[in-house]
Structures are given as C-alpha cells and as structure tokens.
C-alpha cells in the first residue's frame, strides 16, 4: 500500500508500471487491476479553465489518504493499492489523482478503487482554485447524492 | 471507440497511453479515466496454472465486443472507450483483457467500464483452457450471482 | 446447397470435429443441425449461434447459414 | 503556552491570515479558538481539525494543539 503526494506533474501509467514491477510478490497473484485517473479538464461549469492551484494541508492529507487506503484494504480482499495525488499548480490535461488496485478478482478491485476515490473527495483536505478568463475562483464541493 | 483482438502479448498501459495520445480531441475534455486489466494468475481453484490457451470464434468475438462497447457508449455519457482482448497462448502474468473508458465524470467512467467487462464475460465467445500439473482443463464459467 | 457447422472448445473436442458442411435437406432449426451432425439430441447447456448471432434450439436455419455450437463462454478476467 | 491556529483556502483569504499562535487562556473548545482569532462567531459550513483530525465546534482544545479551519474539501477528480 503506497500513498504519495506530488508537487510536480506525473504520468499515472508509468507510475503504475513502476509500482507493479517493484512489487515482485504480486507477479502471477493478481487477476484484476482497476485504475482511476482524474485529469484536469479545460472547462468546468461552463467556464474555460486555464490552470488550477491545488492547495492542501500537508501532513493531514497524507494521513487521511493513508487511512482511506487502509480502510479499503481491510474491507475488500485486495493485494495492493497505489494512491498518488497532485498538489500545487496544474495545467489542463494534467493528471490530478491516480488510484490503482490489484486484487485476485474484479469485484474487490472495482469496489476498493471506487471507495478510495469517493472517500478522498470528502475527507482529504485539498482545495481547488481555478484560473478562468473571468478570474480566479474556488471550486465548490460536488453534491453528495449521485 | 476501439476494439482489438490480439494474438500476441501486449502492454495495456502502453496501449492506453498510445490511444490517448492518438485521440487528440480528448485532450482537456475528459476528467475521468477508468481502466480494468485482467491478468492471468499462476493459480486457479487451488491448482497451479502453467499456461492458458484462449480459443475464440474469430469474427463473432469482434462483433459482440463492438456491440457491448457501443451499448456502453449509448448508455453513459463517455468520451471514448478502448477494449483489447488477447487470444491464443498465454503465460501467467500476461494481460488477458483491458477496458479503458474516458469520460467527463467518474460515475459514467466506472459504470461503463464495469458494464463492458461484465457483459463481455457472458457474451463474447472465448473459452479458456488451463495447463496445470494435472493436465489440461477447460475453465468453467463463473456463477452469475455476485 | 449446405449448412456450415462449427464446433468450439470442449464441444469441439467431444464431437471430434471442428467444422463440416451438411446437407440442408430435412433441416428446419438449430436442434436439427446438431442432431444431423452428431446423431444425438442437443444438450441443454449448449450454446448456439446462427451467422454469429446467439440462437435458440428452435430457431429456423436456412440454406447457406453458418451454425456454431459451443459451451458457455469464459473470456475476460477473474 | 499557546494554540497554533491555521486557515486554508477561501477561509484563509477571508480571514486574511494563514497561521497564528493564540493564548489558550479562556479557550475551551474549537469554536472558542475561531472566535478569539477572528472576533466573530464560527460559521456553520466551516470545517475544523484538531491536530489533523476532524473536530466539531464543541470539541475541547488543549494547550499546544494545532487547530485548523477550512471550507469543505474539493480534492480528487470530476
């Protein structure tokens, strides 16, 4: 289980390959990998987005992301979990977050991946500020119901 | 929307990167990418698995995978979809199938990805034969209920 | 005039053939094709397709059709 | 002896400060920290944490604690 916070742009697919290769005990033991990658769009709520600043409460984010990851690991039979979250200055098309789960079977992989991305959105102290042609604005949290 | 059947081993992460780069219209327009990769384990139902042969009914598999992908595209608001499925001789740790979905939001990306992998398992004419220390055996389909 | 019959996976092994052409005389549906080709009644858990579309045993078969028989499918991943 | 108070995102901008140390005299809970630091009552939709654990307004605060105030979080992805 790995949780990383990064100040610089990252390639989620390369990180997944590196992680999987480094975890040699995983080889042959997992049948399902589920990945979620969140990416900065160049629009949001009908406004163009030129850039985004992702502020966070540094050690609290790490702590709560690790807790969410640990909860997912204890609720579902999974073999490994990788969470990477950006902070700082982002440009459109930059990955914001990557959640990857390795498991024997796909039910657990999907459930754990979905759990981590949903929980981190409400519990990890990150705040987005978008730069639009009309100026800077703080992003409002999404409604609870889905 | 792309559906590919491959006789040779493939790297799902590299395929995703290539696909995403080739679809230049996607850049900045998607916020969520969900990926499922199925990989051959070195065990199944308490037996070691040395290799697997994946037989298929060639043009029927392509046709039904494309249909499942088209259904997912029409049911959920997604921007793009990539399905790659192996056939032929596989070794443990080889990717079997990869489903990647690009969408504006994660709900649609998760739902479409899950739909494609679940539907292809019951509708695409593939059959797995495992090579175990006790000989070859055809894999039985998984039970419907989950 | 004939019907192409194909067998896949464990069904192919059990029947002992992969593909054959049978005369369409006296054949009206999928179950008839199976009976003509194997000399036994069509088992319950068998899947069939006509021209690559899933088909029920009582579905009509026409001259020139490709009819395939196979066990439940097991593609995808764990 | 003091309490470290931190403000994040839009709350930081509204309050006009990022971090300060306040005297813990007369302070018993999270809402007291906010009132002491900003001179107004703590708004309803504000989140707070004591030593990086989420805390309610009536939760007790001790000397040496770090108390943070911030708006609802918006990390993750669309």
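Should a chain be cited, it is by its letter among A, B, C and D, assigned in written order, with residues numbered from 1 in that chain.
Assume a contact is a pair of C-beta atoms (placed from the backbone, for glycine too) under 8 Å apart; a residue touches a chain by one contact, two chains touch by 3 or more.
This structure is a prediction, so every number in the text was calculated from the model and none was measured.
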Revision key, fill the gap. Most remote chain w.r.t. Subunit A, using mean C-alpha positions, is C
**Study point:** Pair joined by the larger number of C-beta contacts - B-C, B-D
**Key:** B-C
Point to revise | Centroid distance [mean C-alpha coordinates] between subunit D and subunit A, Å | key: 26
Check your understanding: subunit B to subunit D: how many Å between their CA centres?
Key -> 48
Study note, to complete from the structure: Expressed in whole Å, how far the mean CA point of subunit A lies from that of subunit B is 23
Study note, to complete from the structure: So subunit C residues touching two or more other chains come to 77-78
Revision key, fill the gap. Check: subunit A positions touching at least 2 other chains come out as 31-32, 36-39, 41, 104, 106, 117
Practice item. May I ask you to sort the chain touch graph into line, ring, star, complete or other? Key: other
Review point. Looking at the whole structure, which two-chain pairs count as touching?
Key: A-B, A-C, A-D, B-C, B-D
Study note, to complete from the structure: Given the complex, residues on subunit B that touch subunit C span 36-39, 41, 44, 54-57, 59-61, 63-64, 85, 96-97, 117, 120-129, 138-142
Review point. Given the complex with subunit C, which residues does subunit A contribute to the contact?
Key: 31-32, 104-106
Exercise for review: Report the residues of subunit C in contact with subunit B in the complex, numbered from low to high.
Suggested key: 6, 8-10, 49, 52, 54, 68, 70-78
Practice item. Note which residues of subunit C are touching subunit A in the complex, please. Key: 77-78
Review point. Which positions of subunit A touch subunit B when the two form their complex?
Key: 11, 13-14, 16-17, 27-43, 92-93, 104, 106-107, 109-110, 114, 117, 146
